[in-house]
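Quick one: the structure is below, questions incoming.
Chain IDs A, B, C, D and E follow the sequence of writing; residue 1 opens each chain.
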Amino acid sequence: MTSKHALHQPSNGRAILELIQYDRNHYNRFDDLSVTEIIHKINPHQVNWINVDGLEETHILEKLQEHFCLHTLLIEDVLNDQRPKAEEYEDYLFFTLKMLYRIDDKHIDYEQVSFVVGTNFLVSFQEKEGDLFEAFRDRIRLDQGKVRKQKTDYLLYRLLDIIVDNYYTVLDAIGEQIDDIEEKIQSGSSDSIFSEIQQIKKELIFLRKAVYPLRDALSKLVKGETSFVTDHTTRYFADVYDHIVHLIDSLDTYKDLTASLLDIHFNTQNNRMTEVMKVLAVISTIFIPLTFIVGVYGMNFEYMPELKTKWGYPLTWLVMIGIGGSMLLYFRKKKWF
Amino acid sequence: MTSKHALHQPSNGRAILELIQYDRNHYNRFDDLSVTEIIHKINPHQVNWINVDGLEETHILEKLQEHFCLHTLLIEDVLNDQRPKAEEYEDYLFFTLKMLYRIDDKHIDYEQVSFVVGTNFLVSFQEKEGDLFEAFRDRIRLDQGKVRKQKTDYLLYRLLDIIVDNYYTVLDAIGEQIDDIEEKIQSGSSDSIFSEIQQIKKELIFLRKAVYPLRDALSKLVKGETSFVTDHTTRYFADVYDHIVHLIDSLDTYKDLTASLLDIHFNTQNNRMTEVMKVLAVISTIFIPLTFIVGVYGMNFEYMPELKTKWGYPLTWLVMIGIGGSMLLYFRKKKWF
Amino acid sequence: MTSKHALHQPSNGRAILELIQYDRNHYNRFDDLSVTEIIHKINPHQVNWINVDGLEETHILEKLQEHFCLHTLLIEDVLNDQRPKAEEYEDYLFFTLKMLYRIDDKHIDYEQVSFVVGTNFLVSFQEKEGDLFEAFRDRIRLDQGKVRKQKTDYLLYRLLDIIVDNYYTVLDAIGEQIDDIEEKIQSGSSDSIFSEIQQIKKELIFLRKAVYPLRDALSKLVKGETSFVTDHTTRYFADVYDHIVHLIDSLDTYKDLTASLLDIHFNTQNNRMTEVMKVLAVISTIFIPLTFIVGVYGMNFEYMPELKTKWGYPLTWLVMIGIGGSMLLYFRKKKWF
Amino acid sequence: MTSKHALHQPSNGRAILELIQYDRNHYNRFDDLSVTEIIHKINPHQVNWINVDGLEETHILEKLQEHFCLHTLLIEDVLNDQRPKAEEYEDYLFFTLKMLYRIDDKHIDYEQVSFVVGTNFLVSFQEKEGDLFEAFRDRIRLDQGKVRKQKTDYLLYRLLDIIVDNYYTVLDAIGEQIDDIEEKIQSGSSDSIFSEIQQIKKELIFLRKAVYPLRDALSKLVKGETSFVTDHTTRYFADVYDHIVHLIDSLDTYKDLTASLLDIHFNTQNNRMTEVMKVLAVISTIFIPLTFIVGVYGMNFEYMPELKTKWGYPLTWLVMIGIGGSMLLYFRKKKWF
Amino acid sequence: MTSKHALHQPSNGRAILELIQYDRNHYNRFDDLSVTEIIHKINPHQVNWINVDGLEETHILEKLQEHFCLHTLLIEDVLNDQRPKAEEYEDYLFFTLKMLYRIDDKHIDYEQVSFVVGTNFLVSFQEKEGDLFEAFRDRIRLDQGKVRKQKTDYLLYRLLDIIVDNYYTVLDAIGEQIDDIEEKIQSGSSDSIFSEIQQIKKELIFLRKAVYPLRDALSKLVKGETSFVTDHTTRYFADVYDHIVHLIDSLDTYKDLTASLLDIHFNTQNNRMTEVMKVLAVISTIFIPLTFIVGVYGMNFEYMPELKTKWGYPLTWLVMIGIGGSMLLYFRKKKWF
């Protein structure tokens, strides 16, 4: 999973290209064009958003690299598992991060998304088909919100914001799982609790790896170190930055809560074991001496005077009840049960 | 609880508006006005404190947003669960933090409070009805303290100070709970101790999440990075900052004390278990060999010469008492009981 | 203990005032004057050290506040439990920290001491009567050391140095306690060890809370950020700063040592328990099968041919000794005892 | 292993020298020359890469030191185990780091590699024969990639990149081991799991020691603090820097995962033990009282009326089945088994 | 050990003085002079190294203090246990650190060494007689290395380098101890392992306290903040600095390895205990029901039909062997043994 040269799951073995062009007054979407056609269609006076789903067809990347003069290292970063980061090149800004999906309400799936942002174009590279942006594409088309009035930096903000918002969805689901487990523990069932907590811990570990580096990456955009973010849009990236810091706080909180849950689980386990051992201890401690006594009078010596007396048997019972009873009282006083 | 888009508990489904206007010589309070009436009443030569309880009625927020030119992101921050922070906009300063309530001496309830401070107005947004400011409103009315002689920045200081002071109340209550638990452990009762400690740990985790970010937020106001805090008032915010740092110290101390309590609890539990097991071990170890001996003479072999002798029975008793006694001595020497 | 509004123990319900005036050639000490008399006696050409023991009589504080123009927040800081800190005001420097007392060689008592230092005066506020400065007052009177040749900043240094030196006394006592406990563990006695270690941990937690913030407070004085410390005296404060850093190192070391002690204690406990359980296991495992065998020949079946043979009984013994002996050998080989 | 003066494993007791010379149009490789011959062959208008395998022959180092004016401390750093670092001298740049080998898919072997880079030469010192650069040497010869068009700084980048890329191979192998262990635990086998996890922990500890300092070393090259890295090549070193930070993230993740694995392992162990003890407890607790009852009626008192009655025996069975059965029900209800 | 006012072990109750004077062409060593004679002999055109062994004779310190104008605080620092540090005064540089000795291959002994370095003199203060510098004194006398050609700052570097090099010797010894313990654990012997690990942990704690502050102290010399270190010598101090950072890395690694060792030790202990308990559990669980059965037929009821039948006894054996055997199979299947 951390391999630099991880294999990417093919999206049917081929890449899917898409071009969305817009300004205040125009909007166009092209879905079935080849990479050369798309490059040909680019209009320098509009915002050109080229989306690439699937990174197997190397000739597409090569064409794009050639047209936008993309650095070899950038292409390598797009293709390989990368730490989320922002990097400024002479003619464009590069941003890469993880997009998260919640699968079957159980597992989290990761996909690396990379953005190259120039003055009038934004190229987004996704490893797999399907993304979180469909509703947003409609908003552009219908001219809802401010996006049609803004430039490529605002488009980048919107895409990052959508991805980061989805982190909350994933985190909330984990929060609910934690609440579920807490209830389960309190209601006494403990079958799969340990492995469920471990599962959450593991998800938090991977989430942390995806979210923590984003703070540094976004702070680059916020501090105005790059010329590709206008002063006006800086505040929007600052908002995403705040969300990331908030997410990190929540991740830390969840980490502490999960550790707490483990403590509670182990304590419950331990209490049950203690209870079992106490019952064993009480029963054993009471009956072992009594069994010895009855063993004594089971001996076959010829000269055992007690055996002849009439009151031997009931007296033995009395003695045994006395011993057992006083032990019970002693243990109860000691709060053993 | 950490959801960005958490649902707010409605305050009867509607928002409550309030306007307090004052300067050195005047004081007015309007309680039952609509948002348009309030905006109409604003007097630019006085301090205008508009308080909004309940954030469901969107048209109120829209009206305020329109009149004070509030940024869309600011309104989003007011509506959603946010990390405590201070943010400067061109015409106003934004501050958001958590207000804490202690409910039934048991649980802590959180409410997000946000402030927008301009040169002559302060708008406070609260999620629920009821707050900690009632006594302070009387002080303004009666012209106690310095508030009537000061501007909106001092008003902000006073409101923050009241909220932060209440953190101490909450923290002191936790301190008392910790002392209670310590006494309980020493007096031997251990029924609900574990879950009480877990409850405190959880409260400390959430308190930390509310208090830690405040340090950064306040340091912004103290370092004179914002023009909405005058030099004169800076010292007051520095005082709140010191309280926050003190609170963080105390939170860390309480965290350590709680961990210590858990150690003590587990040690007590463990000691009790050990005591139980030792009694079981001593009793078992003594009687198991004795029971074997009496079993031997309970055998029905025809040729067991010991059974015929007169001293067989008393001798067996002597041997058994000897074995049992020397074991007892050995265990006592080993300090097993 | 961390309460911002903690109640102070009264020093007989009243405050005790004291004025020490000196320069190179003169020395005066006034003990029984009222606050107005003291203020009247202040000589601007000498060093005036006013000491206040007990903070209940508010009119004294009010008089001093009025005469020295002390800020309201400063007086609040003097009255309430505060994080150690240094704060510069226009006409004076404010410094507050904890003074520690070792009571009965067992517990540590805290007292908050605050200093206000101007060009020709130093006011010291103490919560309780009695302090660590008595020997130093004699040194001033007898003109020992450099203090009579120096200004108020050197007086502040000397007072801080005395308080910090006393931290070492307290810490050394803890160091001896740790050594004692280590010896106790090695000599085998373990009765109160756990609670003694917990006591030390608690003291270290509170010491840390008193000492850590001092580093920041003193670094303010050392870095020349304040005009109330002359270049010449800066080196002296740097020395106190070094002591504080050394103290923090020692606190960390003691924290690690205490954790180590706990490990050793638990290991010793555990070893003892293991020993007990092993003896139980060996005895049980050997005798349980033997008891079964003697039980077999205690059965009352009419047709048990072994019972009739002459060698049945001694053979049974041989078999049992064989089984018991080989088990013993096996356990010894396995190093069970 | 951390010794400053560690002994190096001899590469057959002698050093192996190699010179590769190239520019855009020429390429030469000399394998069997003496150090004086190599120095004689150096062409100031080409890139001269001198590789030294084995550091025992001191006269070679002395000759190189003399010719390139290498600092005594630098030679000491080459010879002794060193923290990875970059150091700029007047006429050259010094870089030292660890090269990792995975041996038998089990253990990691370390070798220290040092580079001295001047304007037209690069000397690489390796402790042992054999390295990771063979494929790269072919690429130079065949003029693949950009290396023939670039200077010595790019050559350094390529060599570092190859070494760092190999870290990923090592780390991926550890990642697979972690996955293997997780599967093993789930499939129930637990024989060598603990020692395997400890082995991974140890490898991560040593990897961390090799990788963490590289971040500082590379940041020196990236921040343009050295004149031996051209602006153009800086971006390449930045890429290596990103890989190092990514590696550190992954090391942290693996550390957390390994800790998690240990938790799971211990929990599994503990569960099994608990299961064993519960069976023991249930069987003992049921049969101990029953054995007492049968012991009672094995006593030989003359007056035991129950023994005479016809229904004594079956009644005893009924009572015993009743006791045993109700205990079983109780334990089942308590979920003991 | 952390006492500020620790008592120093006397070196026969008196101090030993020594003066070494040298330049490029001359070398003199004076061993039996009084402090006045030594001061009289100081030659301002040579390097004068005055070494003081034992700090009890206060008049010596006073004479030196007077002649070199040493600050009172400096003398206090020399006399009392101090955090390693570098401090620049007007006419000299002060450096204090710990010198370590390995005693009996077992314990580490500490001695505080302080250096005062002026333009033509270096005074070294040692608490005890005997040091690590004897071989180095010979090198000066025989004019080996560069020291005779250099000034006092290089002399300081050489002395620090010797002390820091010896840290490696101490650390390597600890490394070997760790390897020894690991082998011991693997070979199964576990007698003193726990206390040996604790001993190493303690030594690492004290080493850390001696080494960590050195990083800050040396970085002062390296950053050129002091005029007593020439540009030329800075590189040498940088080398010592690198060694310190390397030492800190190694200390951290050893800390982790020691923690790992403890885990392994506890796991081994635990496994052995588990094995013991499992044998007990298997034997008990098998024989307890069997003992019950034989108890049943040991009862003396008159009407027990089974006792009369001829096959009663062998059938009982069959039943018991059946029960015991199936239990054994069950436990084996469950992998209990």
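We take it that a contact is a pair of C-beta atoms (placed from the backbone, for glycine too) under 8 Å apart; a residue touches a chain by one contact, two chains touch by 3 or more.
Computed from a predicted structure; not experimentally measured.
Superposing the C-alpha atoms of subunit C onto those of subunit D requires a rotation of 145 degrees, given to the nearest 5. A straight line joining the Cα centres of subunit A and subunit D is 26 Å long.
Remark: subunit A and subunit C have CA centroids separated by 42 Å (rounded to whole angstrom).
In subunit E, 277, 280, 284, 288, 291, 295, 298-300, 304 are the positions where the chain touches two or more neighbouring chains simultaneously. From subunit A, with subunit D next, the chains follow one another around the ring as A, D, E, C, B. Interface residues of subunit D facing subunit A in the complex, by the touch rule stated above, are 165, 168, 171-172, 175, 235-236, 238-239, 242-243, 245-246, 249-250, 252-254, 256-257, 260, 263-264, 267, 270, 274, 277-278, 280-281, 284-285, 288-289, 291-292, 295-296, 298-304, 334, 336.
Those residues of subunit B whose C-beta lies close enough to touch subunit A in the complex are 1-5, 71, 73, 76-77, 82-83, 85, 87, 194-195, 198, 201-202, 205-206, 209, 212-213, 262, 269, 273, 275-277, 279-280, 283-284, 287-288, 290-291, 294-295, 297-300, 304, 306-308, 310, 312-313, 316.
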